[in-house]
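Order of writing sets the labels: A, B, C and D. Residues in every chain begin at 1.
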Amino acid sequence: MADYTPQELMVVCAAREIRDGEVVFVGMRLPLIAFALAKRTHAPEAVGLFENGLVRDTPSRELLLTMGDAPNILGAEWATRTTALMGLLAQGHANLGFVGGAEVDRFGNLNTSYIGDRAHPAVKLPGSGGGADIASLARRLAIIMAHDRKRFPARVSYITSPGWGEGGDWRVRVGLPRGGPAAVITTLGVLGFAPETHEMELRSWHPFTTADEVRASTGWDLRIAPDVRETPAPTANELRIIRECDPQGFWTH
Amino acid sequence: MADYTPQELMVVCAAREIRDGEVVFVGMRLPLIAFALAKRTHAPEAVGLFENGLVRDTPSRELLLTMGDAPNILGAEWATRTTALMGLLAQGHANLGFVGGAEVDRFGNLNTSYIGDRAHPAVKLPGSGGGADIASLARRLAIIMAHDRKRFPARVSYITSPGWGEGGDWRVRVGLPRGGPAAVITTLGVLGFAPETHEMELRSWHPFTTADEVRASTGWDLRIAPDVRETPAPTANELRIIRECDPQGFWTH
Amino acid sequence: MTTKLLPLDEAIRRFVPDGASIALGCALEPLIPFAAGHEIIRQGKRDLTLIGPISDILFDELIGAGCVSRVIAAWVGNVSEGLGYNNRRAAERGQPHPIEIVDHSNYSVGLALLAGALGVPYIPMRSLLGSDIARNHPDIRPAPSPFGSEATLLVPALHPDVAILHVQRADVEGRAHVWGGLGICEEAALAARGVIYTAEEIVPAETILSDPNRVLAPAMKTFAVVHVPGGAHPSPVQGYYNRDHAAYAEYHEHSRSPEDFAAWLQEWVLGVPDRAAYLGRLGAERWQSLAAREPRLAAPVDYGY
Amino acid sequence: MTTKLLPLDEAIRRFVPDGASIALGCALEPLIPFAAGHEIIRQGKRDLTLIGPISDILFDELIGAGCVSRVIAAWVGNVSEGLGYNNRRAAERGQPHPIEIVDHSNYSVGLALLAGALGVPYIPMRSLLGSDIARNHPDIRPAPSPFGSEATLLVPALHPDVAILHVQRADVEGRAHVWGGLGICEEAALAARGVIYTAEEIVPAETILSDPNRVLAPAMKTFAVVHVPGGAHPSPVQGYYNRDHAAYAEYHEHSRSPEDFAAWLQEWVLGVPDRAAYLGRLGAERWQSLAAREPRLAAPVDYGY
């Protein structure tokens, strides 16, 4: 058995999506730790955006349960209005954004609103928050998901946060200015999207699973990327930093 | 000869336009002193707006040459962005606004932009500043003018700040949400506008002049209001306050 | 200058009629006016429209208590725990009664209030294109921009009847200083017909006027100022107290069933007359454990001349 | 973190090319970046587009020096004295050469930059309806609102190539604290492709980070930070120095004719290498007479937890 949790590996995979110097729309939960990890390893010049109006070029000193916790405000480089912060996103300043969802489909569309019929939903989910804005306006989108057949339907019942829509040039057709999902980081693997069709494909399976298990846990016939491989395990240094950030394992256990 | 200047009487007339508790878009020059006078006499609860983003419920401690002078910022109740301040005006919060101009016409339209052809103007004036916004959006407009035939043409060559346009329901027709000129306070008298036609009419002549001189100094056949009278002279108390506000007479001599 | 200082119950009675639209939780997770929300529940207000970005559990509480007929928000749930059970019961089974849900994103609800603040009829945005939020929205409509013809969604102005905002300090004339994460507090205050401030401290006007750039909105927008120390618990107030994460977990546990929630409501809302009694029930030890311990003062700023 | 601190001449050389659009004088009468404007004149920049609200005499100086081909502004002149003679000569007689004038009001130019800051294509407003400003404007166009069909004027977004802002203090990483009358400084900073800050003081990053609500814009928007004490004279800087009213009267006198202005330009701009020399020419006595004398500190704010 691996000496790390799936969530810890997901944090590492999320951090690896952050390039040095990039402006990252961080959001909540695992990406909060991924941002801290990236800052302390390969991306010291990365800058974080938060939809409550914060810009940070240093991670917070303590674990955050919400982006509005006091440690996230202390030492921010800008604490402004949500509309002014979102204006940076709308102008195209965010190179990468993170979002999570309850359901993601074959083209990376996310549902965080309604399971089943909107008028009489089987499950009412909390909604977009800033997720739909990040999915609409960030230059690249990384999606964080628990991976099972229920959460990976061929088509989501409600598009809260637009991915590649129906695939192909759908984003251009509906008028979205840029962006689209680049990676889906799950409890079982890391998925990407094929260049032209923008259909989801498996890029790597986590060490404690297999490509077949990932496919069996996906609600459609998942394609495999030509260069598919096993997800590189976290390094000791990465795990040390993650456990410093989340000593109780609130998000990573 | 009167023991006060025309400008001092204009300040008194401007102050009398301010009702207690009103929100007043103050602007520059004489209205700055009129606001202070009103606050210290009949309108202690009046609130002043300034287009650089200030709200004041007390007059500044010192004479202002510009609304951005340090004494106008110290003690302001709000110092915000011009767009946020103008939003209050656009929402209809300003009961009264003051503007000045180089030319005003029969229907209270103001020109502060171009004398003569816009492409080759005889005189290029500074422009609107916030004047056109105040004239468009305040509930009542009071205009401050030096009075002579040149400055009072039948029709201005360029409408910088909309008055009653061509008269009648012009403001409604062009879609302005409210407002319109209520008073024109000049070096010679105080003018208003007829209820239906919105044509300018003489309400009072200053003590040191006559109705005929006012008409002779106006570029069209100026109507006389039925209740026309002499402008009540400043009281000793009003003059004392004005001279405390402007001891060197920078604006009032 | 007449004072706008009122007791909380009177401020809610006077300025939050049944059927009113209220902006709440506008700073997202911090500064949530829980004390005001609980007084709304105690007064049995009905048919309210709630407006907010990420509202955390206050919206879930008001929905569960039956005060709400419509929610205009980007997110309703429990930020650190997940779903909101009362929100689910109302949306899924119409318990305690059905609610109309108008979905937004944080940007679109912020722009709707900004349009209201600016006195403009709408703001065109390029977010949410192709989403079902836009497709199902009763007010947002698509239109190409006449400049460059790119696709946009027009977000019409929102004017809440009242914005209820918790702040660090306010004066009795109706001006407040707020700091930290601001969210859409300013847009809500300026777009609303009026504002009720609940404040940790009531301070002299000179304190507020000493820093006019820090003032949230002018007094002309203020309905009432209420002194409610601890009025945002369990949400945090920068410089005063931290988020009581455990309280959100406890609420999550105790709102799983309508019966659980009824008991929770009785213990923490209906069974306490005011915020002082609420904090007493919370216990001095727990309350003190949340207090800010390490002052971090902003660098001095000189407005002199 | 790499420093963005540069000498003024290098900042202007690198970030203000001929033909650039520049937002200046965005706080209206205070904080006008005169030192930066004078360096632009010394470097003989040409074909610039100036963007601003009420720009006071800096625009008149740049126009008279022949740097400007287009002005997008609400007001150009001398706020305490009246008309701007160089602006008149350029508009009336094409001296030193013709300029294109795009008239705005303070609200419309602010909304144009706000639209840029928000990343939206335009903002619809109800100001200026029926005015010749709207009728003659090359970009503003009328359109009824699809909500309620009231008349509006659509103000398209402006994105200046650079905003030049004078501030009280900044750090070398590119963040600034500014206070007092803010005008459209924030909108300009966020809408521009980048910002050059000229600052009275360069302070440690910790000073700026101690009050994130006071920061004007994030460092990602900053091209350069320049240390220029007295860089706003004769305009005022709250907490540092007052407006030199006499300088505006002197400029008015000495710009009546092209010959007068040429002499003024030689004495105060071309004939001095930098702001230190300019202040030396002004004289220590006059400069000290303008200094803020009575400190008025903002009430303390605690960001701790």
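Simple rule for what comes next: a residue touches a chain if its C-beta (ideal position, glycine included) is under 8 Å from a C-beta of that chain, and two chains touch if they have at least 3 such contacts.
Being a predicted model, the structure only gives us computed values, none of them experimental.
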Partner chains that chain B and chain D have in common: C
Farthest-lying chain, centroid of Cα atoms versus that of chain C: B
CA centroid of chain A to CA centroid of chain D, Å: 41
Separation of chain A from chain B, taking each centre as the mean of its C-alpha atoms, in whole Å: 57
Distance between chain centroids, defined by C-alpha means - chain C, chain D (Å): 37
Multi-chain contact residues (two or more partners), chain A: 54, 70, 73-74, 79-80, 83, 86, 89-90, 137
Sites on chain C at which at least two other chains make contact: 111, 118-120, 125-126, 150, 152, 179-180, 182, 186, 208, 213, 236, 238, 242, 292, 296, 303-305
Touch-based graph of the chains, sorted into line, ring, star, complete or other: other
Chains grouped in pairs wherever the two touch, ordered by label: A-C, A-D, B-C, B-D, C-D
Sites on chain D touched by chain B in the complex: 27-30, 53-54, 56, 73-77, 79-80, 82-84, 87-88, 90-92, 101, 103-108, 110-111, 114, 125-133, 136, 150-152, 179-187, 235-236, 238, 242-243, 245, 292, 296
Contact set on chain A toward chain C in their complex: 28, 50-54, 65-70, 72-74, 79-83, 86, 89-90, 113, 118, 120-133, 136-137, 158-162, 165, 170-171, 174-177
Residue ranges of chain C touching chain D (in the complex, touch as defined): 111, 118-126, 139, 141, 143, 145-148, 150, 152, 154, 156, 168, 177, 179-180, 182, 203, 207-208, 210-211, 213-214, 236, 238-239, 242, 292-305
Complex contact set, residues of chain C against chain B: 1, 116-120, 173, 175, 186, 190, 208-209, 212-213, 215, 217-220, 303-305
In the complex, chain B residues that touch chain C: 23, 45, 47, 54-55, 57, 70-71, 73-80, 83-84, 86-93, 137
